[in-house]
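What follows is a pair of complexes built around chain A, which joins chain B in one and chain C in the other.
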Partner chain A sequence: MIKVLKPGIEATVQDNGRIGYYELGMPPSGAMDKFSYSVGNWLVGNQDGAASLEATYMGPALEFQEDATIALTGGELPPKVNGKSVSMWETLKVKSGDILSFDFVKNGARIYLSVAGGINVPEIMGSRSTYTLCGIGGFEGRSLKEGDTLHIGNDQQDDVKEGTKVSSEFVPQYTKQHEIRVVVGLCSYRLTEHSLQNFLKTEWTVTPEANRVGYRFKGEKVEFIPREQPFGAGSDPSNVVDLGYPVGSIQIPGGVEPIALLNDAVTGGGYVTVATITSTDLNRIAQTKTNEKVKFESVTLNQALEERNAHRSNLSKIKDSIQQQQ
Partner chain B sequence: MYLATRYEYGGDEFLFVELSEEMSLEANFTAMAITKKLSEMEIEGIQDICPSNASYMVRIDPDVIKADDLIQELKRIEKSVENLDNVEIQSRLVDVPVLFEDPWTHETVMRFRERHQDPESTDIEYAARINGYDSKEDFIEAMTSSPFLVSMIGFVPGLPFCFQIVPREKAIEVPKYVRPRTFTPERCFGFGGGFSVVYPVDGAGGYQMFGISASPVFDGEQKLPDFQDSMVFPRQGDIFRYRRIDRDEYDSVRNQVENGTFEYRKKDMSFTPAEVLKDPEAFSQMALRRLYND
Partner chain C sequence: MAGNKQVVSPLPGVFYRKPSPEEEEFVTEGQKVKPGDVIGIVEVMKSFTEIKSEVEGIVSKFTVESEEVIDVGQVIAEIE
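Right after this comes the complex of A and B.
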């Protein structure tokens, strides 16, 4: 069992997400940075899809009440066991009574705690991910609170040796400037050409409104092409007849402050969406934080797919290297 | 009506297909028919099919299926459903009890006046006026005398977007709030663009707020009989009749919900889009007769 001494900020149980329920209005939820989440599970020998803890900006303080194998991946929130620094991206052993805590975030925004066996919470619609808006999944459908007790599950398939590491070439480096690749489209025809170019040129600032639902950015106002609104859409030029929102799609209500919709976002609505963050770079947007800068780089679908392949090949190299260290 | 289909990539995992920029029953029925057929085909690599009002969205695993190949398939499917006479929609007629201008919604209406087009009116006064109704009563009568087609589920789990089955000249249309609200009460009956909705849970929102539904559309604990199979009650293709109720009936329905005995008044039925499109008013009246007379 793992006892929560301090909850940190928005620490939730997450896995690969709740896939296949868009038509009910159910967002996928799941780990925001799937790269770090997946690598974490491999470092503790878990089956893919085992549940981990995701914490943002400030990690929790946890007391292990049994011996466990753990790994910490994601943004740089320096971890400590019993007050002594320990490494990230490495298989660690903790003993019953050990306390895991974190220093302030240095780089990136989110950390993943993987435990051999996974966090044991009930599966809801095929997933253990927390969706707090409706109180579904995870630990009682909410973020952790002081005094909660988490149980360790049975999702371990391999024993991984203590000290197994991810080679530094594969560990992502996060700075305060981010290039995030997007595929332009959806309803981008509603923007003037000038505004679309500006959208791509602007260095956007991440506002304090940046969480699992979405990230809001400050920068320049964009202009929509004037038109007589189609029936059913609503009168603002940023309105369309309510439609589905892809995860990672970016909308600009009223032409100000774009919002990138992320894992816990609404599944549809009536705002113009102009681009979608590539699946690979969703991992990176998850590691940006308030006041950092983001530029959206337009790529073609083929470029996005090439990037996806390169990303997958990195993942399999990491997996192989973890296996070779056994 | 002419549908001009637009296929768009939503990054590397999503395809967005817009059948029409404007809302119409025909666009919705076409989207429904395409997504139903697509889901029956059980194509490998399709992870999610999300039908919406005049469009639909598909989530794919691009390692298994190429977006462009799927687009070719979708074009074939669209062609095959051109004749909507052959499409049968399995539906339920449902009575949804609504208390208009209830105290809880009214409190929220007043709280967000500065985000509204007309801070001097309430949402329902404003909407009645811009739709050319002389009184709120006439406006409520218009919303409750013809049923709505559930044209999309989304935003949050269980939120039904509902499009009224009336000829276009009688369709109600209202703007969304100038700036979206940070709060909307659970079960609030709202209207935005051409759609009415019931908000499943407390949360953000941008639709005009007219009242509150006594019955839930979302039940995370699945306690009520109507929610045994799913946390979410509405299904695309359902026909909802919003019926005006008074405070006594509201309280009585709330009691039934609280003690777990509430069940929607509903009837299964199937229909073809052609029946609706031919004469929406006649269809609406037939649906109401079916729902309330045995």
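Right after this comes the complex of A and C.
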């Protein structure tokens, strides 16, 4: 068991997500940075899809009440066991009574705690992910609170040696400036050419309204092409007839502040979405934080798919290297 | 000046000195605080996190305005 001494903020149980209900309006939830989440699970020998803890900005303080194998991956919230610094991206052993805590976030935004066996919470619609807006999944459908007790599950398939590491070439480096790749569309035709170019040139600032639902950015206002209001669309120039919103799509309500819709977002609606973050870079937007800068770089769908293949090849190299260290 | 303690924000967000717009400030400059006393709140991701003093002393000054957007590690106040 793992006891929550201090909850941090927005620490939730997450896995690969609740897939298959998007058309019903149910977003997938799941780990925001799937790269760090997946690598963490491999470092503790879990089968894919085991549930981990995702903590944002401020980590929790946790007391292990049994011996456990753990790994910490993702954004740099410097972890400590019993007050002593421990490494990230490495298989660690903790003993019953050990306390895991975190220093102030240095780089990135979200850290993942993987535990051999996974976090054992009930599966809801095929997933252990927390969707706090509806209060389902994860630990009682909510972020952790002081005094909660988490149980360790049986999702471990291999023993991984203490000290197994991810080679530094694969460890992402996060800075305060982020280039996030997007595929322009679905409703980018509504922007003036000048505004679309501006959207891609602007250095956007992440506002305090940035969480698992979406990230709101401050920068420049955009202009829409004048049009006659189509039947079924709202009256604002940023309205279109309702459409499905892909995860990672960026809408600009009223043309004022773009919002990137993420894992817990609404699945459709009537705002223009001007671009969609590539699946590879969803991992990186998850590691940006309030006050940091983001530039959106336009790529073609083919480039995005190539990038995804390269990303998958890196993931399998990491998996192989973990196996080779056993 | 020795023994001056800085109160640092553990997270980025919007800093508030009042629990709500209609209420009084948690503490004012020149006021005495004990460890655990709330000196402000930071709003981020639609969550509010209390910032507490870790020491006993007198709040000599606030270094950020209420409703200002602050960064992680930014000094909020000084306590003598």
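We take it that the second predicted complex is superposed on the first by the 326 of 326 C-alpha atoms of A that agree within 3 Å, B and C clash if a C-alpha of one lies under 4 Å from a C-alpha of the other, contacts with A are read in each partner's own complex, and residues count from 1 in each chain.
One rule holds in what follows: a residue touches a chain if its C-beta (ideal position, glycine included) is under 8 Å from a C-beta of that chain, and two chains touch if they have at least 3 such contacts.
On a predicted model such as this, the values are computed, not experimentally measured, just so you know.
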| item | value |
| --- | --- |
| Larger contact residue set on chain A - chain B or chain C | B |
| Contacts of A:Y57 with chain B and chain C, given as first, second, both or neither | second |
| Touched partner set for A:A233, first chain B, second chain C, both or neither | first |
| Which superposed partner A:G141 touches (first chain B, second chain C, both, neither) | first |
| First (chain B), second (chain C), both or neither touched by A:M1 | neither |
| Touched partner set for A:I225, first chain B, second chain C, both or neither | neither |
| First, second, both or neither for A:A310, with chain B first and chain C second | neither |
| Doubly contacted residues of chain A, that is, touched by chain B and again by chain C | none |
| In the complex, chain B residues that touch chain A | 8-14, 16, 18, 20-24, 47-57, 59, 62-63, 67, 152-159, 161, 163, 168, 171, 173-176, 178-180, 192-195, 200-201, 203, 206, 218, 220, 230-232, 236 |
| Contact footprint of chain C on chain A as seen in their complex | 9-10, 56-58, 104-105, 207-212, 289-291 |
| Sites on chain C touched by chain A in the complex | 8, 10-14, 43-47, 49, 69, 71-73 |
| Touching residues on chain A, where the partner in the complex is chain B | 19-26, 133-136, 141, 182-183, 185-186, 230-236, 239-244, 246-249, 253-254, 266-270, 273, 276-280, 301, 304-305, 308, 312 |
